[in-house]
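I am attaching a structure below and will ask some questions about it afterwards.
Each chain gets a letter, A, B, C and D, in the order it is written, and its residues are counted from 1.
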Amino acid sequence: MSIAAAPHGTTPGARTARRIRPLRLRLAGVGYVTPAMALLAFTLILPSLYGFYYSLHNIRYLKANEFIGLENYRYLVTDPEFWHVVIRSTGFTAVAVTFTLVIALSVSLWINQLHGPFALFVQIVVILPWVVSHVVGALLFRWVFVNDIGLGMYFLEQMGIHWFKPVSDPTTAMAVLVGFACWRTLGFAMLLLLSGLKSIPQDLYEAAHVDGATARQRLFAITLPMLKTPMLITLVILTVSNLNNIEGPLIVTGGGPADATNVLALDLYMRAFAKFDYNSAIALGIGMFAANILLALAYTRLVKSHG
Amino acid sequence: MFGLDRTTRILLRAAVASLSILTLAQQASAQTLRMWTFLDPASGKDPRERVLKKLIDQFEAANAGVKIQVEPQVWQQMTDKFLAATQTGTAPDVMWVHLRRVPDAIKLGALANLDDLFAKKWSKEEADDIDGSFWRFSAKPGAHYHITHSRSNVGQFYRADLFREAGIDPKSLTTWDKFVAAAEKLTVRGDNGVTTRWGFGQAFATDGANNSVVFSVMLDKNGVIFDEKNRANWATPAGVDGLNLQLDMIRKWKITQPGAVNEKNDDLYDQFNAGRFAIIRGASARIPRAMTALGADKVGFFGTPSFTEGKFSPAEVAGWSVGVWSGSKQKELAGKFVEFMSSKEADRLWTMEGGAVPIRKSTVKENAAFFADPKNAYLADVAAAMLEAGWFPPDGAGAGWNEELNRAAQDVLTNKTDTKAALQKAEQSYNRAHRL
Amino acid sequence: MASVAIESVRKQYGNVTAIRDVSIDIPDGKFVCLVGPSGCGKSTLLRMIAGLEEISGGEIRIGSRVVNDLPPKERDIAMVFQNYALYPHMTVAQNMAFSLRMRGVSKSQIDERTKRAAGILNLEYLLDRYPRQLSGGQRQRVAMGRAIVRSPQVFLFDEPLSNLDAKLRVQMRAEIKQLHQRLKTTTIYVTHDQIEAMTMADKIVVMRDGIIEQEGAPLELYDEPANVFVAGFIGSPAMNLIEAIAEGGALLSTSREALPFDLPRGASGKLTCGVRPEHIALANQGLAGQVLLVEPTGLDTLVTAATVAGPIVALLRERTSVAPGDHVHFRIDQKHVHYFDGASGRRLQ
Amino acid sequence: MVRSRGLQAMNIAMGVVVLSIALLNIIPLAWGVLASFKPPSQLITYPPRLFDFNATWENYISVVEGGFMNGVRNSTFYSIAAVALALAAGGLAAFGFDRFEFRQKGTMFVLVIASIPLAIGSAAILVPKFLFFASLGMTNQWYTLPLIYGVHSVPITIWTLKGSLEGIPKELDEAAYVDGASSFMVLTRILAPLCKPAIGAAALLIFIHAWNEFVAGSVMVDARELKPIQPLLYQYIGFFGREWGPLTAAATIAILPILLIYALFGRLLVSGLTRGATKG
């Protein structure tokens, strides 16, 4: 905007805040979001509310019997082992998400400067573990890297390392679980971040270049701020996905040894499908929903308040 | 739309093409029987699936206008899905229920009384033929609700070739002392002290846990693993001895791989096939698959040793209980099909072509030559072990005892927890899950 | 082509009033400039004419139709944006053809009209390029091409030249004016640059804080500004505005020294005297001052000096040898002194 | 662009990182593909056999004869329908949220974000969800899985597309409105082409999600004719044990359509497009 003499009555923001105003366009906005909102309400939100209602009952053989209020929740949170699982899951998710995000960001920045078929090829290689059937991917990961008769252990044995059994030790088993989480989600984090990078107008870089910004300055002054929304989306999805992922703890590390890799998703699975304790399983399921939603909204708020 | 001109066109065309060839689910007509099982007769990749297909063809031929529509399901979820579908009225007419969930299904009222449908009409001879622990187990509140197929029993798989080489007779390994001695003999250590073959492969992971040595020892010594209120009762002398025996195979005798602490049953079968383990603890239903990989002459099965010469310890049985959904609109017809699948002719097929453990005594009697064949000897061994030491969960038992006992084993190995304390912890966890 | 009538139009954003009671009459075929400082409401008014902003009150007519509630596409207008707003994924030809395609014009018609518009603006050789391959001036021209291709009833320009460098701006200014003379389409042009307004418009509307300060032909505004604001806004270099007090039949400066201006009839109290720099000349006597700054442009020279009336700028047609620090005298052409009321700022007489 | 020496060093370091990722990603999958060509007796061996095996098609033959291709066909339809549904509903909503003002907009967007965990973690309340849909008669229908898969992807589609729309100057919309476009035209003709990278990424995510979804696929439909590939794949991890040969063969077949789709949509992620939209 002009810097011409304007001593009186400038209303800053009047320009930037403007939107399409006419009434019929305002109605159009509602029209555009309605199909999606209706679908979400019917397919995700209503069944979840029903799930909450279901969780307020005494469940026997999967049937909701008498109404017992929050008893299922009370029983769950008074389980001393439950809180160990919560803490373990939090730690696991935080570490796995941080690792994945940092690696995915650097990889997508690197891929973003590639062109042509090679760029496509690199993308495909990075995303491979995400596109293979998740169960098969986890089985193969375990077979090749972790199993006694897999390539990885064979290779170690050939080098004279016989004592190292990654999933037999609590610490290394957790490391394997984190490694698997990164392996599984890296490609899709890259995909989200890459699409964000592609949406940044090139003009900004040219302008910054003319202004004499270094590569590092361009990264911190343009790329990262412009990537805020994609990073936030990736952060939310990675967190939710890792908290809810079952293949890793179930197939790769089995939750052991001695519960070292027993995280919430596996705990839920075991409650429901090994112990047939649906009362606490459904309470845990709904509780995880609530926690995930709060986490997602908190992230969003956090990023907004810093924007 | 969305301006993806070329891409969109390709996709839309593909979508239309797939729509047009997609066959929609047929609405169940009056003469269509729906059945849920984990067997997929259309795929026919497994001998038992081929038998099922044959039986369906025969039944459809004998009952004009009837169609059996098999809806194959994922086996782990199938029973739960049935329990849920019972409430929504979408359950199938014929259902294969996991043996361990049968009491739940009956309590929910999901299964129809087979006595009313057909078993009452059986002659005494016919009834005696099918009678046995499984049939008695199916009679919960005084009536029979299912016939159990695909019977299986936890026991020891052994590499027959290695046993022959070492000159060990598997039939002689009825006590733990002899068993351990044999396993020590079968364990091979290289010059560098690295074990290339373990005598007895075990797996203590909680996912998909089978019942382990401690379980059999407790049943052997105490006869029960639950108290009168169905509470877990494991921190007993028998439990401590059993768990110590199980873990000493690693700690003392070094015949079990230390990795057992967090390995799974599925890993055991793979390792067994790879020749890394001479004996593993496994479910007999999986013998045919091991035979496919290794050859029928290299795989055998024997029961769980005990502390008494010449006697096996009890081990849990498993199987798939075929019944009729109580809400079915065609119970008579469904009952007829269940009866047919369990008939003498059918059992012959299941056993001789499908490699299943026979459910009728007559099948064994009338096909002596088949069972005498060394290739099929394992079927007799499994049947014998089941007959002698098959253990059914008591009425009112919960689930997850195998998982909890494995957690105790992991706890002792990893945290050096006292054996009794670990068992107490497992008890508490079990009791808590079942509000006991 | 059509006239545009704006009657008592208001615009409110919540509690903030952006435009209050504005009425403008734009005869058919005229070129009208809306001018004023940032935030004066000129762009908002333009966007209301375009249909991009809701009208809070009043009435806008294009031709004989009231367009208050019509969406932009039904108003038959074309608009050139400050940022050009070219569609980056379309070639120049496609950009220009877009509005015709939206109206279902036949393909041959589109080709013909695009070519003709491109011919007018010398864009033929750029038709297959994408906006990112064009220079700023070329983009500007394409934006105009996109506007004229449809032969709308009204052209709306929203500071179209503000992103160009000075030289290009002068050139494009001339082109737009020629274009208007050739097409004779009613044009509403928003700018904050009064020179643009002066050079191009048939009629200028000066706005401030959501109201019209004055409207009229460019020279009318120049010669007879209706108030202090217009006086200061129109003209470059700006008019000298001197605060004065009429007391005892004489004009005194705020520091109570005599000023060399005639006292207008009937004036009393505070007032503002305005003199354009070209009406001040160097002389041997008159208003005394000390030179602060000398700015020769080649054609003429601007001399700024400190006087009893405050700093005064004089525009000298001839070359001069005065230098900062020199003591000089100014002669003020009394015929061209403007007087404004000190309180209301309105022109006196 | 000018490259500094530091940038080049970074490039080399990144090359090494990407190379290790490539190895970690390719080795297990290559191992799986090799396994799919091994006869049962040579599948699980010690030491592991890398190339010294008698390659055979038998696993593939058994998989195809086992009716797996029916699942491939179903999943193709489900995934494409899910992409269409989620892109359509999500695209419209993203446009509505980014470009318009209306009442309760903030609340609605909160619901969208809250739906992300509901979609990703939907297995957690599988039983009530099944009861909900089954009691409405919506299980075991041809539209059951496309609906579920599509809607599961709607929240993330809305969010990614909205993020991409935010970067496109509003003047472009206004220019188009003045040019005579309706708001729907603005979306389809102006904004959608400019969001191609995000649309491509969203389409890939939706497709892959639908293609690899297992739990709903096994629970929400019963009939053999309606089963998608993942539950069919799971038949090879059956009650009688894991069948690595057919399992890896089926997984290999299952990954091919995704690679194809990636070649189609991944193209959009190769070069950026928003350059030169405006100048300001």
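The rule is short, and it goes like this: a residue touches a chain if its C-beta (ideal position, glycine included) is under 8 Å from a C-beta of that chain, and two chains touch if they have at least 3 such contacts.
Remember, it's a predicted structure, so these values are computed and weren't measured experimentally.
K.L.:
Please identify each chain that touches chain A as well as chain B.
P.N.:
Of all the chains present, those in contact with both chain A and chain B are D.
K.L.:
For this structure, which two chains have more C-beta pairs in contact than any other pair?
P.N.:
A-D
K.L.:
Would you mind checking which chain's C-alpha centre is most distant from the centre of chain D?
P.N.:
Comparing chain centres, C lies farthest from chain D.
K.L.:
Using mean CA coordinates as chain centres, what's the chain C-chain D distance in Å?
P.N.:
Roughly 55 Å separates the two chain centres.
K.L.:
Cα centroid separation between chain B and chain C, in whole Å?
P.N.:
Chain centroid spacing, chain B to chain C, equals 89 Å.
K.L.:
Express in whole angstrom the distance between the two chain centres, defined as the mean CA positions of chain B and chain D.
P.N.:
36
K.L.:
Just curious, how far off is chain D from chain A if you go by their C-alpha centres, in Å?
P.N.:
Those two chain centres are 15 Å apart.
K.L.:
By residue number and range, which residues of chain B touch two or more other chains?
P.N.:
3, 77, 80, 84, 87, 270-271, 274, 276, in rising order.
K.L.:
Send over the residues of chain C in touch with two or more other chains.
P.N.:
In chain C, residues 47, 51-52, 71, 89, 132 touch at least two other chains, as defined above.
K.L.:
Could you tell me which residues belong to chain D and also touch two or more other chains?
P.N.:
44-46, 88, 127, 131, 174, 177, 189, 193, 234, 242, 273-277, 279
K.L.:
Once bound in the complex, which stretches of chain A touch chain D?
P.N.:
By the definition above, chain A touches chain D via 19-21, 25-33, 35-37, 39-48, 50-51, 53-55, 62, 103, 106-107, 109-111, 115-116, 119-120, 122-137, 139-141, 143-145, 149-151, 154, 183, 186-188, 191-192, 194-203, 205, 209, 214-216, 226, 229-230, 233, 236-237, 240-241, 243-244, 246, 268, 272, 278, 282, 284-286, 288-289, 292-293, 295-297, 300.
K.L.:
Which positions of chain D touch chain A when the two form their complex?
P.N.:
1-2, 4, 6-7, 11, 14-15, 17-18, 21-22, 24-29, 31-32, 44-48, 50, 85, 88-90, 92-93, 95-97, 99-103, 105, 108, 110-125, 127-129, 131-133, 147-148, 150-152, 154-156, 158-160, 162-164, 166-167, 170, 173-174, 177, 183, 195, 197-198, 200-202, 204-205, 208, 211-212, 214, 229-230, 233-234, 237, 242, 247-248, 251, 254-255, 258-259, 262-263, 266-267, 269-277, 279
K.L.:
Hey, which residues of chain D end up touching chain B in the complex?
P.N.:
40-41, 43-46, 62, 65-68, 73-74, 76-77, 80-81, 83-84, 87-88, 91, 127, 130-131, 134-135, 139-142, 188-189, 192-193, 196, 199, 218-219, 221-227, 231, 234-235, 238-244, 246, 264-265, 268
K.L.:
Can you list the residues on chain A that touch chain B in the complex?
P.N.:
Residues in contact with chain B: 60-63, 75, 79, 81, 147-149, 157, 162, 165, 167-168, 170, 173, 250-251, 253-260, 270-277, 279-280.
K.L.:
Touching residues of chain C toward chain D in the complex: what are they?
P.N.:
47, 50-52, 71-73, 77-79, 81-89, 98-99, 102-103, 130-134, 136, 139, 146, 150, 156, 163
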